[in-house]
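Heads up, the next two complexes both have subunit A, just with different partners, subunit B and then subunit C.
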Partner chain A sequence: MNTGDYEAPAVTKPAKIKSGKSPWGSIATHAVLGFVTLVTMYPLLIVLRIALSPGDSGMSPSLNPIPREISFDNFVAVVTNSSPQGDWLFGRQLLNSAVISIATTVLGIFLATTAAYAFSRFRFPGRKAGLMAFLVSQMFPGVLMMVPLYLILEALGLLNASFGLVVVYATIAIPFCVWMLKGYFDTIPKDLEESAIMDGASQFTIFWRIILPLSMPAVAVTALFSFMTAWNEFVLAFTFMEEPTAFTLPVTVYSYVGEQSVEWGKFAAASIIVSIPIMALFFALQKNLVGGLTSGGVKG
Partner chain B sequence: MSVDAGPAIQFGPRAPLYARISDALAAALVVGIVAGSVLGLTRYNDARDHRRAVETQVGAIADDLAQRVASAGPGAVEQVPDNVAAAYVVTSGGVDDFGIAVGSDVAAQNVRDKGVVNADAGIVKQGLLNRSAELQDYFDKKQEIPKDRRYSVVKLSDTDNAFSATAQVVKDGKYDGMVHVVTRVPNPAPSTPTSQLLLMLLLSVILGFAASYVPGIKRRVAHGLAVAIPTGLTFMAQADAALVLWPGVVSLVLGGVAISGIASVFRGVREQPRTYVYVVPAMIGMIVLVFVPFAMGVAIAFFSKDGDFTGLGNFQEILNPSATTHPNFYWTTSVTILWTVLNVLLHVSLGVALALVLNRPKLRLKAMYRVLLIIPWAVPNYITALIWKSMFNQQYGAVNSLLDVLGIDQVNWIGPGSSFASNFIADLTTNTWLGFPFMMVVTLGALQSIPKELYEAADIDGAGRWQRFRTVTLPLLKPALIPAIILGVVWTFNMFNVIYLVSGGAPENETNILITEAYYAFKVLNRFGLAAAYSLLIFVMLLLYGWMQNRITRATEGAFE
Partner chain C sequence: MAEVVLDRVTKRYPGAVEPAVNEVNLTINDGEFVVLVGPSGCGKSTTLRMIAGLEEITGGTMSIGGRVVNDVAPRDRDIAMVFQSYALYPHMTVAENMAFGLKLRKMPKAEIAKRVQGAAEMLGLTEYLARKPKALSGGQRQRVAMGRAIVRQPSVFLFDEPLSNLDAKLRVQMRVQIAALHRSLATTMVYVTHDQVEAMTLADRIAVMSMGYLQQYGTPMEVYRHPKNKFVAGFIGSPAMNFVPGKLSARGDDLVFQGHGLELLLPPAHAAACASASGCEVTLGLRPQQLHAVSNGEAVVGTGEITHTENMGSETFAHTRIDPDTTLVVRLPGDRLATVGDTLAVGVEANRFHVFDADGVNLTRETQRGSDAAA
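Presenting the complex of A and B:
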């Protein structure tokens, strides 16, 4: 594999210069990266074309990602989507999605950081079993949980309630976030805490004033995952909510090309609208993503 | 699952009180989870049986009314049973006795849309529901009548248990209108009341407390009994003896194995309460919304479609398929494994390769490439799947357009009559696009933490590029990559959206993986037991994989220190 290339810093290099320094090597690298990036971006460009073409006319056999005729009709149709009773469904569902996702993020961060802190810093009966249980829970197939979850939410009176979805989403996101955060907390030297204890700081002060501020990259990734879990999910939202006014946006997006209809133009426009917040978050947090996700694993 | 041992405690006559209370609480917790799960399940089955009975009952009222209307005219609506809240009759020659404008409009239009009654349809109405909104709501929820029955029934609302039934009026062998009846049927008392469970929880507390007086290994037997007896007794009132036996046996084993561990957690709570304050919120959430549903799901796997206990029946059906079943479980499992292996291989090799290129110190536009290559991860995966589905469309799809440009014949990727290979490739392409950024980001992070000195040392030893990669980079990527691979395998194994949305299992369910088969059993066959059995098999396979992988690579070893 030629890509296994690595160039050591120039300072340490002896006088002999490798052939990799020639402009051809660099051009080849950019050619490969450019090609891969193009392949990666192409489906999204096609979505953009379908969304910006009038009606479903963007679904054409042309390879050209630029629409022949630009129209914002699909976007307008998606944004003004209303129920027969005159409710502005798009607005309601956007609000639902935003409120549910933000609440999930807050709850997810709270639950994951506290648990990960205990798993990282304390030794207590049940610690190993708890960590194992979190890991194993990732293997539970979703189909198995649907009926029981429905029954439990019904028993708790959380069916048809946004709060029910928030709680479910937050717990779905917890195991991955706890493991990731715990790995990150493990890399923070204990000296800091020890000197803080000398100064009379409480356990909570240490968690709140030292550990959390030092773990911002990992906390940011936790926030991103919690938010994504809630923002992108539609099977549970569709199952647990009855009224279209209570749905989240993905339910509507899916319905454009679901079992009943094939409105590719509207689907593409809605997809873009739904993806924008997540993409913005990814761009904002991508540096943290690289650091926050792996530092724990690398330590071992 | 082992639980870290707390401080050693001598059990027997002189055990401290808090240790006895810990045992009591642990017993109650296990009873709560096992008996609670099964109780939830019986409630669910009861509710479904009740629903069926109500449908027959309410449907019969509508059918009876329809026949009387056919012989005596719309006026027959005056004689309906007392529990009928509202009845509507729409006949072709009828008169609107009550003259409700909104109602008649809605009804007439609704019926006209179905093309069965002329525009002058009359309406007769009686009863409590007379507000137009309720009427509208009622017609919105009305269903077509199934072909094999004379009526259809819809539940109108959960709060007042109202059902609406629709039946056809048939006069002289010809369709002559419709009858709609709204009836309130109260829910029956549950066959196992909640108070019964609470009583048995109390019993388990007492028995668990008593068990702490038993020293040594016998204590485990005592724990088992402290859980099995109350669990079994909870379901005494149930007609099905299996509902007493099986939860009893399961809790006997579970109690003997797990109570010591759970009790040591409770003792830990007393000894270092502040520690547990941090874990308890997440743990409660996980127990209520992940582990209890899982326990209930496991229980469901042993029940048939009609809610009868079938033991291993569902598993037998899956594992011992008839010769004509295709694709059977073994085919689907092979496809699932092939799917997982190929995907993870592609994700890791693509991800690592791109990360190595992006990690070159002097690369220009590095940030831009990185951002653009992460994008597939940021797009919700159901959207990705549907986009690729459109790209594999035979007529408009970009993939065939590209083949056209290259002078290759078009391929029927996922359309009717397409082959297993083309469908599988379509799924695989989609999921590769979806999955490589995660591995790339993990690798990028790991690469950043490899000390430069190691490469310098390798250089001095005269290592070539490949050697440097094999002896320095790869070993140091392992600690980050192996947990990522384990997660990747688990996620891919259960990657429902891509298979379901792109190939949809075509041709003939051959590209289905286990999780989509489970969903098929759940959604199409309405067989929750079968779906749960499938899911349980998936879980066991993943658990075995995780355990083996962990034994070989010791991926999680450091995490428990």
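Presenting the complex of A and C:
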């Protein structure tokens, strides 16, 4: 490019634009936001108080979220919980939860990405009906499925087996994941795929090396959703799992609610422990989550 | 290197009444640069996509390098394509984008690196090889898209409106670059555009399409000077040709065109060619460049008031209303002052006009060509 004798105009820093709003508006906004956050967090703070108080002493009618005395006994008791035979139950149950949740995530993502890609890109008989069926399945309460699922798992010999829960959880998570991913795939320009076709890529290569890497935000959201579905689920795990060694952590939490008495301290401590991995995942995937949740609907 | 032959190639989409591409015959010689041009929806992109293999052919035969490719997958056709949107893989660097097709073909790494480097040097992309597409300007992205095609060393290059997303100045630069690329590679290139300037400046031959039909196929000058029909005449040339509807009538031994404030005596050769249309409704086609302001007593074909002027610097286009319904665009030299409201007497260069019959066929094409050859 020939710029000749053209002289670039001197660059001056743009003056800071004053918003013209008074600081009181900002203070009021933050006060409201702070109040709403406090209201949301308050019950959690009470749970934290109960967990951190020795024994069940935190379970008092007081609304003060700060414990009178701090003790980690409840956490220690939950983590070191063992069976009468001396097996480390908590470790076993944590492992169950982790294995089931990770397996659900992997299976769910594999099936959901491939199905969503097909729904997004191919036109085949039953495409619309399939998508609608996924949507309709979301409209029924999960408990409704308990009896038929129990019968199916029993017939398959998968009761009291981790794999049985994986299959059930994946089934629950997939419809949402498919819709979510399909929405995202729809926004990826077709030109990219055609360009890859011209480059000599097969359908699978296109999916694996072009579409999936570009869909990481949506995959992250669906992965988190699948993981949470499995990690937090209680009713089905409680129904299908009979042996304490097969329990997942939500069932463990409930085990502190006895018929005669409730061990509130341990119950609260266990609840907090169960929430930690989900919180960690949220923080780790935070950036992707915002992108994934918004970019599915808006082409950008 | 390969010759591309379309033999009555047809594309009919399911449920469509009319085919998108209708029995198109086109022979693109080895090493030739052919531009498919036409308005939106004329079937030019569909034709290109059929050559690429991205659209199935519903009728006719397509061959590349002597091999019928109707049922051959795109990757086995030995062609590369540059897309309008560039279609660069956003998650790969420039170098990875260019190397992707070669990697899929399991080419040795050293050869890939050599080719990518070579293409990057040719296109001035060496310093951007490690960047992702989003860190590039529109022109640079366009060059990466071309580089991706070049490294493949295909026998045919396809371009689908590659410059339409660029600003006017960059478009001119890229046009020059594409022409230079064709000169250095001497590979068959098929280029789709709706911009007739690109078509005229780049093509060895232009294929003008409309409504799924190939209207005319010839060199840029052939298409410009001897349009086969009214559509081609109106589409090629800027500003567009003036069309004046009217009637041919015999006056003694001569044939005269009359209509909408315009009267023109046809020269003998033109008159002979139009004899069959005597007494019929026809359309007269006059390019603005072949009209001028009459000053020294030569024949005036029409007179009217200037209603609008477009001063381009080197020339001025004066919109002259010769009739309540008819405005002629007349090219005047840039130094001639034309003011809205002035009266302009319009003359036409002898022989340099076209007469189209009621079906739009150019009746004067052959006589025009004859007189051009004689000149």
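One rule holds in what follows: the second predicted complex is superposed on the first by the 270 of 300 C-alpha atoms of A that agree within 3 Å, B and C clash if a C-alpha of one lies under 4 Å from a C-alpha of the other, contacts with A are read in each partner's own complex, and residues count from 1 in each chain.
The rule we apply is simple: a contact is a pair of C-beta atoms (placed from the backbone, for glycine too) under 8 Å apart; a residue touches a chain by one contact, two chains touch by 3 or more.
Everything quoted here is computed from the prediction, not taken from an experiment.
Participant: After aligning the two structures on subunit A, examine subunit B and subunit C and state clash or fit.
Facilitator: After superposition on subunit A, subunit B vs subunit C: fit, no clash.
Participant: For A:Arg68, using the defined touch cut-off, is the partner it touches subunit B, subunit C, both, or neither? Pick first, second, both or neither.
Facilitator: In the superposition, A:Arg68 contacts neither subunit B nor subunit C.
Participant: Of subunit B and subunit C, which one touches more of subunit A's residues?
Facilitator: Result: the larger residue contact count on subunit A belongs to B.
Participant: Which partner does A:Arg127 contact after superposing on A: first (subunit B), second (subunit C), both, neither?
Facilitator: A:Arg127: touches subunit B, not subunit C.
Participant: In the superposed arrangement, does A:Val168 touch subunit B (first), subunit C (second), both or neither?
Facilitator: Only subunit B is touched by A:Val168; subunit C is not.
Participant: Using only C-alpha atoms, work out how near subunit B sits to subunit C after the chain A superposition, in angstrom.
Facilitator: So the smallest C-alpha gap separating subunit B from subunit C comes to 10 Å.
Participant: Using the superposition on chain A as set up above, list the residues of subunit A that contact both subunit B and subunit C.
Facilitator: 1
Participant: Under the touch definition given earlier, write down the residues of subunit C that touch subunit A in their complex.
Facilitator: It is residues 52-54, 74-75, 79-81, 83-85, 87-91, 100-101, 104-105, 148, 152, 173 of subunit C that touch subunit A.
Participant: Okay, in this complex, where on subunit A does subunit C touch?
Facilitator: Residues 1, 189, 191-192, 194-201, 205, 210, 213-214.
Participant: Using the touch definition up top, name the residues of subunit B that touch subunit A in the complex.
Facilitator: 1-6, 37, 40, 43-44, 261-262, 264-265, 267-268, 272, 274-276, 278-279, 281-283, 285-286, 288-294, 296-298, 300, 353-354, 356-365, 369-384, 386-388, 390-391, 393, 395-398, 400-402, 404-405, 433, 441-442, 444-446, 448-449, 452, 455-456, 459, 465-466, 468-469, 473, 476, 479-480, 483-484, 487, 490, 494, 496, 515, 518-519, 522, 528, 531-532, 534-536, 538-539, 542-543, 546, 556-560
Participant: Would you mind writing out the residues of subunit A in touch with subunit B in their complex?
Facilitator: Touching subunit B from subunit A are residues 1, 3-9, 12, 29-30, 32-33, 36-37, 40-44, 46-47, 50, 59-63, 110-112, 114-115, 117-119, 122-149, 151-152, 155, 167-168, 170-171, 174-176, 178-179, 182-183, 203, 207, 231-232, 234, 250, 253-254, 257, 264, 267, 271, 274-275, 278-279, 281-283, 286, 289-291, 293-295, 297-300.
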